[in-house]
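Got a structure for you, questions after.
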């Protein structure tokens, strides 16, 4: 079996490491961890951070993933293939994520979340406990998904973001709010109520201004900005781009 | 003496390490550091980061504390027992904190702060230099306590938060502002003036909307949300819970 | 040649390390890196993080710089002398910065940026790709410079901040916006249009309220707050302070 494990990495005997896995210097992999083939882990990472809250469930990192330096993953979460992280990321227990999940630098995924396929978060995004995120969702820098309707309390209510939702920089979604499919939340908004699909949502507190699909590209009023999948496909697999080209939005994975 | 110090940790000869202390791999403890009994330090931490601004004062970590990975503490700060941090925390010099201080992941405590007992900050909270925080205060994700009334300047004016104050997500408190006892600052607010006790504070700039004690639990109008200590006691010591049950809010420690 | 390289640092043979350089424990320096004389690198840093996007360009750190712990610099960026960072900083490829650049803790410089001389960012500042920043600019905690006018897209439009601009806490500048010389952006603002020089800018969305030079110091209405260089010079080199004293604002470096 071919692997590239740095001599200054510390890998527990119980960890299950796939083929063609690279592990960088000063990284610790605990016992209760499974790493898929072709995955690359940078230095200074700690994988499978022990917690009783995982109730014994392993940390599973799917194949062909990239975890960048100084990142911490607790045991008890499960990532499908193609996970990519920035640096200095923390991910807690009992989160389940689909294919191609991207977590930006300084990302904070607080656990007990359900995350669909090809969700992309940019830097400094906080995904609160119990969040539920559909497929093809984008979270831009500084976005915060909250969960406590009566802070402090223990009755956490996660946010629900439907497929294709885009949340622009520094927007905050309050506990229990559901954002409908294909909606766009504008920069700096504070969303305190459910919103139907295809909404342009903006303000503090946020209101539905119009259909998201009424928005045009800045600089060219002939091109609709949303649904974004009709104009932006970089980085998605060919089989998904083909389904989008055939006007399918409920993609088969 | 029983200790559990990882062979890849680097502990200076001058550091004073208590009994039953655990120190993880790749952690550096400098000379001018005292760590209390029963404390656990994860990997990749640097404790007692040297600075002339500490004027020779040591870093003191009280007993039964937990410092999570990738955290940096400067020399010259003093934490009472039961400190708990998330990951990737930085704490500068000359901060004094009481019992049970919790600092969330990506916390940034900028030094010269006075922090009471049982203060809890969640992730990505920035506590500016010269902040003064009472007992039982909560700071939710993304909260920022500022200090420079004329940026840039050297005449810093810290924020003062009284006992039992709750600051919700992403609120910002401007320099020199005093928030009275038991007040609640709503999500995303920008507070630019002093507020009396028991205030519900909201907006940009923030206004006093009503008494905090007029707010009800979301989903049950029969239950007052504040003072929160009448409905939420998880994680506090029994002797405090008993005093609260006897309607004492000025708790004896 | 005198150097102080920790035995647990890992320095590639190809790296060019100047004289009187200090490198801390557990730091990795890759091949394509040049570090100037008198520079100090803390522990847990990774310098010259490889990326094909650098197209072979080296990471250059100027002389007399200080890089604090847990920081990551990609190859392909170039920093003039006197760079100073906080902890947990990430800097990507193809950024060029002048003398005395300061990056606060949790700073995120996303690459392809042009940054002038003596720019200072405080903690948790995000400088998006393609940002252009003049000389003597201040960015306070939580400031975000964005770049995507149609998220998600690939047609990034960076922000331009002119000389002496001050952006207060948590303000966000939207893509492609130009802020004129000496302007002040108030805390928590969202700036969505170009602003002329010497503007006081505030609000969501932000408006020009008056001249920045009309603002007085809080607590003393006799003293103008801006231009700040007339009242605040700490930390700048003598030859610059002299030019300011002679009422030169276009300083010769």
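In order of appearance the chains are A, B and C, and numbering begins at 1 in each one.
As a working rule, a residue touches a chain if its C-beta (ideal position, glycine included) is under 8 Å from a C-beta of that chain, and two chains touch if they have at least 3 such contacts.
Owing to the predicted nature of the structure, the values given are computational and were not obtained by experimental measurement.
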Contact-graph distance - origin chain A, target chain C: 1
Angle, in degrees to the nearest 5, of the Cα rotation that carries chain A onto chain B: 120
Fraction-based call for chain C against chain B, same above half, different below: different
Centre distance in Å when chain B and chain C are each reduced to the mean of their C-alpha atoms: 28
Per-residue overlap in chain C, given as positions that touch at least 2 other chains: 26, 44, 70, 88, 106, 124, 170, 204
Residues on chain B engaged by chain C in the complex (per definition of touch): 10, 26, 28, 44, 46, 49, 70, 72, 88, 90, 106, 108, 110, 124, 126, 128, 144, 146, 148-154, 170, 172, 174-175, 190, 204
Contact set on chain C toward chain B in their complex: 8, 25-26, 42-44, 69-70, 86-88, 105-106, 120, 123-124, 138, 140-142, 166, 168-170, 187-188, 204, 217-219, 225, 228, 231-232, 234
